[in-house]
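Input: structures, listed below.
Okay, so chain A shows up in both of these, paired with chain B first and chain C after.
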Partner chain A sequence: MSDIFDIFLLEAVLNGLLLGGLLALLSLGLNLIFGVIDVVWICYAELIMCGMYAVYYLHVQYHWPLVIAMLGAIGIVAFLGWLLHQFVIRPVLNAEPINQLLVTGGVLFFLQAAATLAFGIEFKNLGVQLPSVRLGEMSFSAARLIAFAAALGGVIALWFFLRKTYLGTAIRAISQDRAIMPLMGVDPARIFAITSALGGALAGLAACLLVLQYDIHPAIGLSFGPITFLICVLGGLGNMVGGFIAAFIFAQFIAVGGFFFAVEWGYVIAFVFFIAVMFWRPRGILGK
Partner chain B sequence: MLAVTELCAGYGGFQALFDASLEVNAGEAVAVIGPNGAGKTTLLRAISKLLTPSAGSLTFDGQSLARLPAHAVVARGIAHVPENRRLFPRLTAEENLRMGAYTSRSTYAERLEQVYALFPRLRERRHQVAGTLSGGEQQMCAIARALMSGPKLLLLDEPSAGLAPVVVQSIFELVRRICAQGYTVLIVEQNIRQVLKVVNRAYLLEAGRIVKSGTAAELLAAPEIQKAYLGL
Partner chain C sequence: MNYPIHLAILVLLWGFIYTSWSLMGRLGLVSFGHGAFMGIGAYTVVMLWNHFGLSPWIGAPAALAFTAVVALIVGYPCFRFRIVGHYFALVTLALSEVVRLLITASRDFTGGSLGATPNGALHEGASAALGALQFSEKWVWLAIVAACWVGGLWVWRLVDRSMARLALQAISEEEEAAASIGIHVTRAKLRITLISALMTCMGGILYAQYQLYVNPDAVSGIAISLQMVFGVIAGGMFVMLGPTVGAAFTLLLAEGLRLAFGNRYPALDTTVYGVMLVLFIIYMPKGILGAALAAWRGKSVLRT
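So, the complex of A and B:
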């Protein structure tokens, strides 16, 4: 009896790990944008929603092979991120933070309403059924395994990009001293535009992984937008390492809490933990 | 090499620089000296286009800088070491140097060696986060970062500010060596006695206007400078 129990607990922990990878990827783009541009994209999850629709239409409607459709979707959301920066963020770049929050909040409702008009309210899915992978007594969804691997790959690729390339170094530098970037021969407006496209591409990658597991509808952003936020805040807004750690902590609460009680309880425990941490460290685990 | 003619500049409604004219020839080390708030930093910021001049002209190597955006000035061969060093505090020393080479990447490895030869201390500290370097090391790193672009003209804004007296000596020694290597240098300083030992010529800036110019020896000997600035 206790053996079986242990196996299921282990399965829950491992599933939590897989979920953590996905949550880490979700938080990555938002953290990048905040860390570099100092603006919170409240509408981040709605960009992901657009990416999910893009995969759906390119694959189901236009019969692109799934992988090509996903690459196309990443490109589309990267473009949306760039548009968002050029036409919404740039005019309010030096405005009060509350105004920046409100405009991106406006974009959230705009995208939701536009998606409802354009795509309707019925649930859509790719119709791709990925098998479960069995490992002894335990079983894992292949979609989650793929998501975990891709999320980890994305995180590592971004890390190398930010550490090892001129452009990546400039992206880190601009968040530390925007005013002297021209003295390095760097056009700050260009770096911001590239960073926004990169944040969009990360949202697009998240969309590709979510669309394997979830149905698409115009309000789907609401089901993981808030948790993405809380993870970023828990880790320390703008701190990518903190967000990474926080994603795995949150995922364990959800998975293991869900194992002992019910999935809903897992969320309840995770949010109680979040509130407790906010009392203890208001700026997040690794916040300054 | 650099010709500044009747340059006016300021911040918003406040004018900090009035009809300033000066010249820097290739291979020369020139200082702009003057008290706090005279407009020295404004002058350098206008030359590197961080600030758009309201009137006057700037030519470098015979070409006007008027229409150039700030981020295109480095590629023309002007590197600016800003006031207070302004390193990127959470990047390592070497990553700061890499930012300096942003516009001239093909020569990065070669210039890195040159810069480390000039500042051996930086090689020891290269993986250290810049914010944790000492004041003198930060100033070296800031100068090295500017040299990474392979400039024809180096603008130095108060390299001795905020440093301990012993360190100030070594920074001026470094400036002397940089001049000796053939770099053309325009340096802005409050530490008048020290800087006049390093440069060939100097301009005295007071309340936004250039009021005197001459060789370093002439200015050192000028009675008004001795009285007002050297306490003789």
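So, the complex of A and C:
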């Protein structure tokens, strides 16, 4: 009896690890935006929702091959990120920080409602069934494995981009000192626009991975949004490494908590843990 | 005649809740967690009544006490460790999600996401059950809610004229400086948080008793917390009647579009509302009433 119990616990832990990769990817875009532009996109998960619909419509309605549809969706969400920055964030860049937080909340309402209006409230499914992979007594969904691998790939690609390219260096520089960079010949407006598109593209990538595992509906953002913010805050807003660690911690709480109790209890434990950690380290685990 | 009264009740009830939120919000404490207090209020009373037969007259004080404890447990460390701005908003967001998830997870007891209905206490032909706080006459509800709303405005006025407001305003502008001139930052913030949380809890209790139905997504969690924040922003959080104007505006917008287009476009009101919110925050950060007052005075007024 205890052997089987251990196996299932191990399976929960490993599934938590896989979920952690996905959550890490979710937090990455948000952290990038915050680190560079100093704005929290409350509507980040709604951009992901748009990306999921984009994959669905391109693939199911217009019969694009799945991979092409996914690339298309990433492009669309990157464009949405750019639009969001140009038309919503730019006018409030010098307003009070809390207004910047709230304005994207307005976008959240808009995107959610517009999706309901345009696509209806029915749950949509991509209809792609991926097999589950068996490993000894344990089984894992292939969708999760792919998501984990792609999330790691995305993280590594972003790291190389930020470290090894001129543009990446400019982005990192501007996140460190906003006042000096214009004097060095870097145009902040251009960097902000590029970063927003990049953040959007990361949301698009997350959408491609989520759409393999979850049904699409207009309110799906609410089930990923809060947890993504909490991960970013737990790790220290703008700190990508912190976000990464926090994502794996959160995922373990959800997976193992959900194993011992019900799924919601996993989330409850994770959220309570989050509140407790904030009291201990108000700027996040790796925050300054 | 019931429909206009129903609308009036909802406007005043939400006006009361939004006013409670603004007590904190306008002083720089932007909370995304007021759904937690509303949910605790609504559910404590309904659960005590349904499972233990305790009248809402006992349930309400219990709910208020419970809310006070939660507000203190979360508020004290937040203020003690200087969790402000984004961080405060997101910590409180976690709180409202915890309450929503707890209600959903204890589904054997609370009915989970299907919600719960308080056991009916109205006998055949009777229109009021005072002990159960159930009334079938809308007039009675209008009177109750109006009284609460006036009470809420009165609290606003008291706070507005107190030293505490000056202290909190100083804190919201420069926390360290406020502390250095002898303001007890933690205590000042905690006091206003308690008042605001208790009033929101009261709103939750009335909401549950009036609608005779509660559901975790309708009374707690991120959605309702954001609804409060944005209702207030639409109306204007720096003037006394601003939150109520916000409540009236959002409700009339939804009802107006529903009357104009029927139920063909179920989310049209929120779509329009979302666009308007974005425009408000960019071009009219003082809200409808705030901007109207400023225009009426013919000059831009400082926010107070």
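In this text, the second predicted complex is superposed on the first by the 288 of 288 C-alpha atoms of A that agree within 3 Å, B and C clash if a C-alpha of one lies under 4 Å from a C-alpha of the other, contacts with A are read in each partner's own complex, and residues count from 1 in each chain.
Rule of thumb we're sticking to: a contact is a pair of C-beta atoms (placed from the backbone, for glycine too) under 8 Å apart; a residue touches a chain by one contact, two chains touch by 3 or more.
The model shown is predicted, which means the values in this text are computed figures rather than measured ones.
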item	value
Combined model on chain A where chain B meets chain C, clash or fit	fit
First, second, both or neither for A:Ala201, with chain B first and chain C second	neither
In the superposition, chain B vs chain C on chain A residues touched	C
Superposed arrangement, angle subtended at the Cα centre of chain A by chain B and chain C, nearest 10 degrees	100
Partner chain in contact with A:Arg172 - chain B first, chain C second, else both or neither	first
Partner chain(s) touched by A:Leu210 [first = chain B, second = chain C, both, neither]	neither
Which of chain B and chain C A:Val40 touches, first, second, both or neither	second
Partner chain in contact with A:Gln112 - chain B first, chain C second, else both or neither	second
Contacts of A:Val186 with chain B and chain C, given as first, second, both or neither	first
Lowest C-alpha to C-alpha distance for chain C against chain B (Å)	21
Chain A residues touching chain C - in the complex, by the definition given at the top	40, 88, 91-92, 95, 97-99, 101-103, 105-114, 116-117, 121, 218, 222, 225-226, 229-230, 233, 237, 261-262, 264-265, 267-268, 271-272, 274-275, 278-279, 282-283
Chain A residues within the chain B interface of the complex	166, 169-170, 172-173, 176-177, 179-188
Chain A-touching residues of chain B, taken from the complex the two chains share	48-50, 69-75, 79-80, 82, 86, 88-91, 95, 98-103, 105, 145-146, 149
Complex contacts: residues of chain C adjacent to chain A	28, 30, 74, 77-78, 81-83, 85-87, 89-91, 93-95, 97-98, 101-102, 104-105, 222-223, 226, 229-230, 233, 265-271, 273-278, 280-282, 285
